[in-house]
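So, here come the structures, one by one.
Both complexes below contain subunit A, partnered by subunit B and then by subunit C.
After this line comes the complex of A and B, so read on.
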């Protein structure tokens, strides 16, 4: 039986997205059934079915979700409700659902859930709702129904092995340009390329060379001053980001992750250090490696928070004068709830800043930025919905009274900046690296 | 109808073969469900390597202790009702004097029993908890949205054996024989329903909790409670 789901009129109105609206026109219930049956068989429905059958429909997960709280406790935004509107009918009807149902399921899975796993911490049975929603995305991907902007990044991964259509000559040019820029900050900096046997391969996300190259310059300052033996690859695999993981395109995800790990192995580095990005960490440490059949990443992977923590602890970078404006810290789900780096993040914040104010709730209980999980990558059509659906974050940040929010994750960084603008909070987001460069002591030999 | 219900023939059926069938279906059915669940999960290859005994126990302990997790503390009323309901639901039938007499008569075994007045209170707790859950499903919008008729059915399956047991003990409403027969019938339905309905959460819940506990503890290095 095909199911159509009624949709209430929301504050953001009806959002048009060709990736959803046009693609469903090619679908029929028969086609959908065929694809879903095959997908479930391939995925192995063990976990999925066990979780769905264990759920007792108690609704205790609702308050875990920022979209539920932000939309005035609209019951359709509760985590269990999102599963109810997607996976339950799919399993119950053995995949025979209507194209309109898939349109609605895709909208829920891609734009109303950030896969932040906060609800798993509030479900008495620990049901992994992010996994269920990710499975819905997998099905939508196989049906060709994905938000247009998100699909564009997945295409970019497929063609260029990076998220932003950066070509190899652009990449190398950016590295050299940033080395030149860094000469304005410190004396004789170098950005080593393809240095075999270096201690560290530093990896960034596609958007950094594309439009945030100054972050790479700042990383170069920190690396040079701290005396790190590091390098970038000149070839594919430099990008650690992975939107294919979020679009449901596991095959591309696997290719991208393999290229990344192989770049590190080709350069014979001891470990990968990645910039302040959350989803990239998830894809390397948790999801992508598993798709490749690797229990843990084949090369140790260190997130920037841990890297800065080690640098500060070992005294490899010293602080000249602490950052004097009050700051608060946003705990990104993929490295805090996903890797437990919250105490290190606090060590770094306290080492860098004079006045640190906690958000509440915080650490692994922190509210999501509502940008992660590929939601911000669904692009401008969905921005209004995204910021309206994260009012709790705005309230949480406002309560700290701090003008600066440290966001050690790219998606959080951009997403929270949008929330700040929409709710006119008069705050700004900053990466750790930006503050480090501002407050660190430049040793004599690097002084200009 | 009432006469039929009271007849010794019905009693000897529900007291004899039906109880056997009920326990057989409950035990064999549940074991089969566990077997199928573990073997399909095994095929996924992404679950069992990440299981950790230490973090499974850590997670389960925090959730089986009242107020042991953040979410239990956030909802004190639900926590108290849920814990009382489940404790009374499971332990009242096992330690009830009348039930012990039955298996003493049949097999000559028996164990520690609850004082009858306490058992009476525990039965009432189950009955009123069911009423609470019923109204919560209707009143709380986030619960109402995800409520299906099957949720009320499950609730009724848990409710009826206790209601009829309570009425039989006090010999109210129907003649004693009829109420006892109904009571055994509903008890059997409850046992039989376990492997076929979402009451299976009484078995699967431990596994899903253990899995999430393991992932959060061993891979993610954070709390899940």
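After this line comes the complex of A and C, so read on.
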């Protein structure tokens, strides 16, 4: 049931991005070689070489990749081909590659791979493609070659510790303003700020205060009704996201993660509950923590899927009337394949919705939204390529016949909305929190 | 300490306020803030018409506001808060307002003696600082974080010097951030600045800087260390000196640098360095190996280490002992158990000179040394109640709310600020009765 989208000759054409096109002008093969040699020493060239040489070119990874499938099985989109076009020549030539090569490597690493790790599940050797591509990104970062929008986001993280240039006073204002807004939903809601010793620090990503503050209001409704002892910090560290992880700026990634963990420890909370974001979870339990020397987050971190699962299972929120439109569920890679929350996600979906229709494949075999891994953060120049390169997701979603796609991850949410629009699927995305607020029972004491 | 000596150390118990009554009287009572000497307890209350005011020891401020937050008592018991009314923020000290009004006001900071108050402010679409109501005339595109000098007379903040178009990554990388001290920006700008701090004599300011996307160092009064590093963390001045120490990342790992020169061994991580009161010793959090955390004192790590975290070290008044909050998980390598609460994981305790207390707790606050440096106590949480633990022994009484206890100057008694049965009490208790 292939959707009719012409893709011959790369339908998106040549994409201009000053973050790539202007920056390679400053490079020479000598400089590139010098930077790469130094970088490879740190990365452990043996590990990368072992991965590359272990590959037997069986091609099983190809069928796992949504960009390969969506581009009519164009072999250049196969995961193995992405490595062959980037890390292989880098290792083979000991870093002696041209600026044009780096431009192409950056385009592949930042816009054609979501680091979703689906291919690694199909690789007979379990080669960690995401690690290889992240290493390519690290090299690109060290050479200063990063898509402009992604680099701007990394700059925002560096200055503000959040990804959207949200100023310190704007954050506080948003918390207070959202409490006022929530008074229109329930009686006497509180959005606690800097409540030392609260059970939970709730954390969000930059786009929430910037563009989607209503989601913070909805979280406040859930927290108040469920009787959660929670708080937000008024200071930096409230944003759990970390696009520096994806741009390859490890030092800023670590700084952002340190601020996040230290905010929680300063507030003496027992755990962090993070909103519906996937990559943020990867950054706190896999990549960012490790750069800091932490095996695991120093404070337990619970993703929203797990949090809602616990609230529903324990009866802390009750359902008045289930959501009656048919829904399907997108499994975000970082919290499903990466964390194994798929059964909890289904528990939550079934608890909230009358008519749940699975996508196929699903759970840990889900196809990526093609927005994750920082790809959507590469910005508008790359949108067309991104949506065309995820036709399989469109087909998957369309086959369910459901008008609503639950996407418990911000990047998935925005990326899938783009896919829906491009392929005219007539569907819409929703977060779990939006459905919860719609169907939950409001106890008497909170009724207006 | 002098102020503490003047507190009432004789009255065994003072019943200050019935918090439960407040809860019955007002639709919403928010968090409680106790004064240092325990004589006062304050909160924000919400009125029937969804406005806010304060209640201090039952005294309700008649004036109401649209927003109200950032409550604090000064050491001499003045009550401060930030109020918002008719689209203007104002700082109130004992119900008296600073004359100046702001579009935004935050990062309320007090000098050590509490006599000086500084805040970050936004006014007329530009950002700066107000110290005791005197707002910087120079204001900037953005300002974030505030440092108030130890003598309370000077302020510094991180500022953005130039407005950029959205997505101007090249303009950003030219360096548009620096430090402004008393309203005057340093001449030199950087890609990033973080961790602003004053010297003990209030004359100098230091920050972390990033020159480009890769090179980090420390700048003092706008002048940078000669050496650059892969990364740095916050600088700290040595007491009675202008020497600066900061963690720096070299190709071998993290070490501690003094005035730009690495002087410690390298570690997987090193941060939150502290000087002893006499300035002769340095303690810092270190990870001697991946996933293990401890305290190193003068570059010698404690023999014990912990899986999850160690919090910033605290020196005893005599500079001889060091204590820190430590956190351990029995199964730290198993994702399911480490990330969620299972028995044996996420256990907090206190370690003193490397030796942990025998018990562990659900939460532990910073350790507090007695004036004679011989005892260590901490507020701890167990089974949802708050206790005082001394030298590892948990106290008899569990409280609904508890503020950090304070030792009497002779170290024989404790001031306990607590809520029991919905009532706030100030108690003075001999140590042996805890």
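Operating definition for what follows: the second predicted complex is superposed on the first by the 438 of 448 C-alpha atoms of A that agree within 3 Å, B and C clash if a C-alpha of one lies under 4 Å from a C-alpha of the other, contacts with A are read in each partner's own complex, and residues count from 1 in each chain.
The working rule: contacts are C-beta pairs under 8 Å (C-beta built on N, C-alpha and C of every residue); 3 or more make two chains touch, one makes a residue touch a chain.
These numbers come from a predicted model, not from an experiment.
K.L.:
Once both complexes are superposed via subunit A, do subunit B and subunit C end up clashing or fitting?
P.N.:
With subunit A as the common anchor, subunit B and subunit C both fit in the superposed model.
K.L.:
Is A:58 contacted by the first partner subunit B, the second partner subunit C, both or neither?
P.N.:
Once the two structures are laid over each other on A, A:58 reaches subunit B alone.
K.L.:
Taking the superposition on A as described, I'd like to know which of subunit B and subunit C A:295 touches: first, second, both or neither.
P.N.:
In the superposition, A:295 touches subunit B and subunit C alike.
K.L.:
Which partner does A:318 contact after superposing on A: first (subunit B), second (subunit C), both, neither?
P.N.:
neither
K.L.:
Put subunit A at the vertex: what angle do the Cα centres of subunit B and subunit C make there, to the nearest 10 degrees?
P.N.:
That angle rounds to 120 degrees.
K.L.:
Shortest C-alpha to C-alpha distance from subunit B to subunit C once the two structures are superposed, in angstrom?
P.N.:
The answer for the closest subunit B-subunit C C-alpha pair is 5 Å.
K.L.:
Which residues would you name on subunit A as touching subunit B in one complex and subunit C in the other?
P.N.:
Common to the two interfaces on subunit A: residues 290, 293, 295, 339.
K.L.:
In their shared complex, at which residues does subunit A touch subunit B?
P.N.:
43-47, 49-51, 53-60, 62-64, 68, 73, 75-76, 78, 80-81, 84, 120-128, 286, 290, 293, 295, 336-340, 342, 364-365
K.L.:
If we count contacts the way the header does, which residues on subunit C are in touch with subunit A in the complex?
P.N.:
Within the complex, subunit C contacts subunit A at residues 27-28, 30-31, 46, 50, 67, 69-70, 84, 103-107, 120, 122, 142, 144-145, 160, 166-170, 172-173, 177, 191-192, 194, 210, 213-214, 216, 230-231, 249, 251, 268-269, 271, 287, 290-291, 293, 307-309, 311, 327, 329, 332-333, 335, 338-341, 345-346, 362-363, 365, 381.
K.L.:
For subunit B, which residues count as touching subunit A in their complex?
P.N.:
Against subunit A, the touching part of subunit B is residues 37, 40-47, 49-50, 59, 63, 69-71, 74-75, 78, 140-148, 151, 154, 198, 200-201, 204-205, 207-209, 211-213, 215-216, 219-225.
K.L.:
Under the touch definition given earlier, write down the residues of subunit A that touch subunit C in their complex.
P.N.:
Residues 18-19, 22, 42, 141-142, 144, 148-149, 151-152, 155, 158-160, 167-169, 172-173, 176, 183, 188, 190, 192-193, 195, 197, 234-236, 249, 251, 254-255, 258, 261, 265, 268, 270-271, 285, 290, 292-302, 306, 339, 379.
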